[in-house]
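What follows is subunit A paired twice: with subunit B in the first complex and subunit C in the second.
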Partner chain A sequence: MVDLLPQWLRDVLGQDVLFWLGYFTNGKHLSWYASVQYTLAAGAIGAAVALGLGVLSAAGRNSRFAGFRLLGKAYTNSLPGIPDVLFFLFFPLAFEQAVEWIRAQAVCTPAELALGRWPLCPDANLIFGSFEYLILAGVSLGIVYGAFAGNVISGAMNSVPRGQLEAARAYGMSPLQVLLRVHIRQMWAYALPGLSNIWMLLIKATSLLSLLQISDIVLWADRLGSPNFTRSAGLVHPDWRWGYYLVLLIFYILLTFLSEKLFTALQRWAGRGMATAGAS
Partner chain B sequence: MGLLRRMQNPLSPPVVEISDLHKSYGPLEVLKGVSLTARQGEVVALIGSSGSGKSTLLRCINMLEVPESGTVKVGGEEIALTGTPPHRKPADEQQIRRIRSELGMVFQSFNLWSHMTILGNVMEAPLKVQKRDKAEVQAEALEMLAKVGIREKAGSYPSQLSGGQQQRAAIARALCINPKVMLFDEPTSALDPELEVEVLRVIKLLADEGRTMILVTHDMQFAKTIADRVVFLHQGKIEEEGTAAEVFGNTRSPRLKQFLSAAGHG
Partner chain C sequence: MELITAIANDLVILAKPALFNIYFAAASIPIGFVLAIFVALGKGSSSGLVSSLSRGFIYAFRGSPFFIQLFMFYSLALAFNLSLWKPLGIDWIVLNPLILGPAVLVLNTTAYTANILHGAMQNVPKGEIEAARAFGMNRLQLFRAVTWPNVIRIAWPAYTNEVVVLFHTTALVYFTLPVINDQKDLMNKAGELFEKDYNAFLHFPVAGLYFLGVSMIIFFVFGRVYRHLMRHLPQAPAIRFSPRWIRG
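And then the complex of A and B:
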């Protein structure tokens, strides 16, 4: 990378700076920087799934049908108690093995199934790569935090003044119009502060990706910071992990700062004219 | 003025016809067979003590409350109901929405949509329910806001307005759907006396224009001034009804006498 710089600039920078520039732009460090995409992708998938499940479970809790109410309550009341690390380990593995088992029923011979080995037969064996695990990681986060989101959204739906919904009905709006144009539109103003907190928790939980062998920022920081030996040079550098972890801390603080800015703007938009904390 | 208007056209067609309405909340029977007709251009005031059923009766007209039995006709069309109590509901969603879009309801606590500007509130139903042309609706909405005296507040949000201004905005919202009937549910009860006056002035103006209105009120003086006909409800039944002059000047029912006396009009 340093070789690409023009000679005059290399002269200006000097040997020391060029050395460190070269070090921090070597292939492994570039891979480290690029692995931020996994963290952000897991966060984005997790947020989308959490929001979707949150809306569905809140709708279930307020449903006219007892079955949906029970399902919504069971989900939003039980999931928040499960440690996210545990669910993060459980769900992708359980999902993978469940799919393998279903596949096995179709592709394995009865004799292979009767043996009861795992995998049940070679054809049923799934080899998941980083991409599949990343999706599963995002979905796992979404399932855990969707339960929190369901509680927040359900509470926010109940906070919308009943009189305004009644006025919408009194003026001939359809149930869908009442829901979308008044109920859900106003719900955001009440839900966003809570959803902002859940987003922060979810962002923190993205640091668990390495548990699924995804080469994320944490795994790379650990690899790059550990005492480094090569056969020819011996010790390249001692234990520098604290330095790399410090960079991660700063990264997460920056992400938190940007998220807060974004949520403040969203709350200002959603709370326009409304007498809530986010209103301006 | 109201009486004069009615005398000029005593046989105008009925706009709202309520027949033998019954409504209960659990074991509590709130309406016990109420029948009422409001004719074109008529102002009907519903009076009575708290719990007499007057607000429930008003809310049964647009089916915000669904009666157990009895019929409601708006513009000669009966609102179809289905199911057995307490699961009774409008039978035809399209019909009830169409009829509701012809009834301008004004609530005690205004119930303006707080995420919309005042202009947005006034334009919402004409645009989204009546599917009218935007330019035409906007022009009419601004005209209605001017009529109720808050044209300059069009771009404000409800929370930025006083209670009186909010209620006038709610009246403009009701006017902009060109309603067959205006339904007022205690429109000044949530207001301070000095703000009450400005709302009453607007309602009086609408009455003088010959609009059909059904009004639930605690303000006897106002009912006397504005109403062509006054209906006194007591424990879910019509105890007495007649012109304002008859009801206030020549009260027959002892209960109404007692009520008016308590209200300072005895």
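And then the complex of A and C:
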């Protein structure tokens, strides 16, 4: 990386700066910077799944069918009661086992199935790589925070003034039009403060990816900062991990800061023309 | 029947590990609460330096994941082990997970609680403060007689959620800190049981049951305290049966 700089700039910077510039742009450090994509991808997948499940469970809770109501309530009320990390570890394992069990019914011999020991047979074994685990991690974050989002969205749906819906009906809108153009359109203004809160929780939970052996920013920080000892060069550097974690801490604070700005803008956009606090 | 015995068996095995999670929460909550009062007062302070320091502390700890905070403080403790803690003879205190864990939890909960308390301080009725001033109360009297009783009543529902979420956060402690001997918490023990028979559908939900159960007890106890705080009102406020599970 340092070789790419023009000569005059190298002269200005001097040997010390160039050395550190070279050190912080070596292959391992570049992999560290690149691994931010896993964190952001898990956050994006999680947010998409959470929003989808939030809308679904909110619809379920307001459904005419008792079964859907029960399902929606069970999901939104029980899942927040356990730590996110517990579900985050449980879901990928449970998913893998469920798929293996289904495969085993077709692949394994009856004698092996009758033993009932896990793993059922070698042929049914699934080997998941870090890509599959990344998807699973994103989805399980989405399931956890979808329960929170369901609470927020169903509360926001109830916060839309009845008069607005009655006025829309009086204008002759069909039920679907009332739902899409008035109810859901106005719902966002009430839901966004809560959704912003959930997004902050979700983005902070993306720091857990390393628990599923994904080489994310946390795992790389640990690798890069660990005391580095080689036989030929001796102790290259002592334990620098706290410095790397400090960088991660600042990274997350920046991410929170940017998200706050984004959600403030979104809130202003969603509340345009509405007589609610915070909307202009 | 087999399932019930299996669940009961797990409940018994996980009882002692659950105590470690309860210990982490119980050790950090009272200290964090007391510190949070000072940080909240600092955030509202008229001194620019104190106010911005408190704001910075709250923003940093609320804006970053506990997992990273724990990693950072643990690696700090490790990095200065040979140069500082060992010569001072306090390495067994600094590196003990039963002390370092609650210490980082204290910093974390202080930030969240201070934010809740500061929000509540903002909402103390102005008239009551003016009346107290007119009575000639000094600042300490004013805080004790007027501000604090209002603050604790306004903040209590949000603080209840904070305590529950902090208890959930204790699940992360032993993913970073070393486990000494058999001092395993719920997550460690559930993972260990899983590695023995690969029964994810039994061990993890039972561990979750412990978290859910203790959370329910916290909501119940804090609900009773809330009723006590609000006893001067003509009707006791309805106990909230829909916990929010979310931090303020």
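Assume the second predicted complex is superposed on the first by the 275 of 280 C-alpha atoms of A that agree within 3 Å, B and C clash if a C-alpha of one lies under 4 Å from a C-alpha of the other, contacts with A are read in each partner's own complex, and residues count from 1 in each chain.
Keep this in mind: contacts are C-beta pairs under 8 Å (C-beta built on N, C-alpha and C of every residue); 3 or more make two chains touch, one makes a residue touch a chain.
It should be emphasised that the depicted structure is a prediction, and the values quoted were computed from it without experimental measurement.
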Combined model on subunit A: subunit C and subunit B, fit or clash: fit
Which superposed partner A:Met274 touches (first subunit B, second subunit C, both, neither): first
Touched partner set for A:Val55, first subunit B, second subunit C, both or neither: neither
Subunit B versus subunit C as contact partner of A:Leu192, first or second or both or neither: neither
Contacts of A:Arg241 with subunit B and subunit C, given as first, second, both or neither: second
Vertex subunit A angle, Cα centres of subunit C and subunit B, expressed to the nearest 10 degrees: 90
First, second, both or neither for A:Leu209, with subunit B first and subunit C second: neither
Subunit B versus subunit C as contact partner of A:Thr256, first or second or both or neither: second
Which of subunit B and subunit C A:Val139 touches, first, second, both or neither: neither
Between subunit B and subunit C, more extensive residue contact with subunit A: C
Shortest span in Å between Cα atoms of subunit B and of subunit C, once chain A is used as the common reference: 26
Complex contact set, residues of subunit B against subunit A: 62, 64, 93, 97-101, 103, 105, 107, 109, 111-117, 124-125, 128-130, 157-160, 173, 177
Residues of subunit A touching subunit C in the complex: 77-78, 80-87, 89-90, 93-94, 97, 118-119, 148, 151, 197-198, 200-201, 204-205, 207-208, 211, 218, 221-222, 225, 238-242, 245-246, 248-249, 252-253, 256-257
Interfacial residue positions of subunit C with respect to subunit A in the complex: 59-60, 62-69, 71-72, 75-76, 78-79, 168-169, 171-172, 175, 187, 190-191, 194, 197-201, 204-205, 207-208, 211-212, 215-216, 242-247
Interfacial residue positions of subunit A with respect to subunit B in the complex: 161, 163-164, 166-174, 177, 181-182, 185-186, 189, 270, 272-275, 279
